[in-house]
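We just call them A, B and C in the order they show up, numbering each chain from 1.
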Amino acid sequence: MSRLYANSRGLLLPLLLIGAWEYLSRQGAAGAYAFVPLSAIGSALIELLVNGELLVNLLASLARTSTGLALGIFFGVLLGVLMALSAVANRLIGPLFHSIRQVPMLGWIPLIAMWFGNGEFSKVLIVSLAAFYPMVLNTYQGFSHIEQRYREVGQVLVLSRWQRFRHVLLPAALPSIATGVLHALAFAWVTAVGSELFLSSGAGLGNLMMNAEAGSRMEVIVLSVLCIGLCGYLMTLLFTLLSRHLLRWRNTR
Amino acid sequence: MRTQRLLSSLTWLISPTALLLIWAVVAEAGIFPRNLLVPPTQVWRTFEDLSASGELLEHLLNSLSRLGLGFAIGSLSGLAFGVFMALSKNVEIYCSPLFHTLRQIPSIALIPMFVLLFGIDETFKIIIVAKTAFFPVALAASEGVKGIPRSYFEVADVYRLRWPTFVREIALPAAAPPIITGFRISLTRAWVVLVATELLAADSGLGQMIEMSRQMLRIDVVMVGVVVTGVIGFVLDFSFRQLEQRMFRWQTR
Amino acid sequence: MNAIAQHAPLHSTPLQSGALHIRGLSKAYRIESHPLPVLHNINLDVRPGEFVSIVGASGCGKSTLLRLIVGLEADYEGDILLDGKRVVATSLERGIVFQDHRLFPWMTLSQNIALALKNHPLSAAEKNRLVAEHIALVNLEGFENAYPHQLSGGMAQRAAIARALINKPKVLLLDEPLGALDALTRVRLQHELQRIWVQQRCTVIMVTHDIEEALYLGDRVIVMDAHPGRIKHEINVDLPHPRDRSSSVLQGYKEQLLEELVGH
């Protein structure tokens, strides 16, 4: 019982804020503009669900995120493994990678938009880049910090190169790779929305927001923002649970 | 032995130089239309023009002043809030669910909302920067203060140290490293978000310069802008890292 | 467990493999262009099926000696010959158990042991049978699907022993195998080790800092000195297995060894 009480105390402040919000929304026209009444948000939700707009845009954003994430993870792990296992590759590619990394993700958007246009390809490319960087870094970290003592067991058991990779190196690096995917996921989601805000063609939550901004429909914007936050949270939660299961051999005290 | 070491450190430069050369050759050969791929020499010339005319500096100062103001507001209030959250159980219970929920919402997603609320003048940009700067610092401050080992308090007790002495000599140095890291992360993130915001909705500033030139298809200016953004981000990050290293030499990493 | 007559292995199987000849072995590491001698002129002959214990203070290179024999370190002066062939790299003919069990945390017990058979030309069914056999050998039945972090230190070390033995190596190297365990577990595992070795009868070289352990298990105890590592003294333990810890002969040897190690 006391646990319920403790947890519910955390709800007090949000509820107060929502109450204040509702109050301010009734303070004349200016109030209603800035702080859309909750009822308006509610009816907007229903409206967007009924005409399918919310779902269509949500799915478009998710699709973009997934595609970009998959590509970013695939190439990111590839490069990370390469740089970690081959000193030559590290020497040659490393400096280039690190200097390009300095350019912030969102700085690439104008360049990519100029080179590849405003379409789907650009957006997915941007999302893949956002996922690519943390994957390379975390994969590299995972593979280059494998304890010497495990490698020695691989030597003593005279395992072939491929066997050593599959049974020793890869599992040992997996926790780092999982962390990388978690970061990549968060970045990919934010970048997908960001690219939609910027390259406003096609469907997506970002586009939904831009249109709502043009039409001064604050309630749609609020709705989208809540949606974005919620989805981001759920995705990271899902992945955390998944990795906890896959990595259950870890001794997490 | 020494020449060997010198040569080996030079190999780090191979790929960036190679890329630069390939870029120059391909651009001069005119394989791509001029407005898609400008040679590095052109980019450099544009950079010189922009700095000479003072245009670059003007945009830069606009952006940096917004960054400075927003970052100061956001990070300092984040610091205060984080410390409170760590010290007072009550504050934590009431505020933390809301804190963590709001933290999930990416700053970029708030741009349309804030534009509707505040218009595209200075206020909205500073608020977004402040929001971005707030959360990493608050989180780091809270964890830093909570991370001060219980034993430190006990030692202070045994030696009957007065509160100001304890804070200055023990608590602050103990909590400072993660807090400074939090400041660094928050600054670099705030910079990126600021430029992104200026890309979308501004009348001055580095991001706006990039967006304008993109619409005028002046890719050389876009490149100058993107590179400058990256360099500033790198400088900010690097300076903070140096600060961290210098201040925390005592840390056993 | 039947008492084994002391010299039995030598003429029971002619040309039994697992004979180790070490001649003039020296090894030095280079630290910043200064050579750091670790082993100096080691000469050692180990008969097939013999159990040799090596004791010595830390820094005398005992672990390095084992690593050279198993092939984890190359680049040495002198000769290490196993049945006449020079040791240059690792091989399944030489197995090793480390002080930290080094089971892979992401594999179950059976998978860890089965990994040693990865390149063995047996059928899957045969391999499973062998793995089950060795799990039974070290008394770990029931834990086939446990992950290493679910096992106690003693159990994990037993699993490591099973993994090292499953390839029927000619030489088994034990690098302070019981050093990370508490005293009670150690005694129990010494007993186990003795039982297992009597069954398997491969050549064993064990490094330990526990004199009693060295005497309880070894046919010969070799004392090493440090800086640089070299062989100082040798004791033949002419007692049948299984041995009695409290026997006066053993105690006598122990005093001898202590004298060698502590007094000069």
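Here is the rule we use: a residue touches a chain if its C-beta (ideal position, glycine included) is under 8 Å from a C-beta of that chain, and two chains touch if they have at least 3 such contacts.
Please read all numbers here as calculations on a predicted model, not as lab measurements.
Between chain A and chain B, the least number of touching-chain steps is 1. This structure's chain pair with the greatest number of C-beta contacts is A-B. Comparing chain C-alpha centroids with the centroid of the full set of protein C-alpha atoms picks out A as the closest. Centre-to-centre spacing of chain A and chain B amounts to 19 Å, using the average Cα coordinate of each chain.
Separation between the centroids of chain A and chain C, computed from CA atoms only, is 51 Å. Work out the mean CA point of chain B and of chain C, and you get 56 Å between them. Interface of chain A with chain B (complex): residues 6, 9-14, 17, 34, 91-96, 99, 102-111, 113-115, 189-190, 193-194, 197-198, 206, 209-210, 212-213, 216, 218, 221-222, 224-225, 228-229, 232-233.
Residues of chain B touching chain A in their complex: 11-16, 19, 36, 93-98, 101, 104-106, 108-113, 115-117, 191-193, 195-196, 199-200, 210-211, 214, 217, 219, 222-223, 225-227, 229-231, 233-234. Within the complex, the chain C residues that touch chain A are 70-72, 90-92, 95-96, 98, 100, 102, 104-107, 115-116, 118-119, 147-149. Those residues of chain A whose C-beta lies close enough to touch chain C in the complex are 149-150, 152-153, 155-160, 163, 167-168, 171-172, 174, 248-251.
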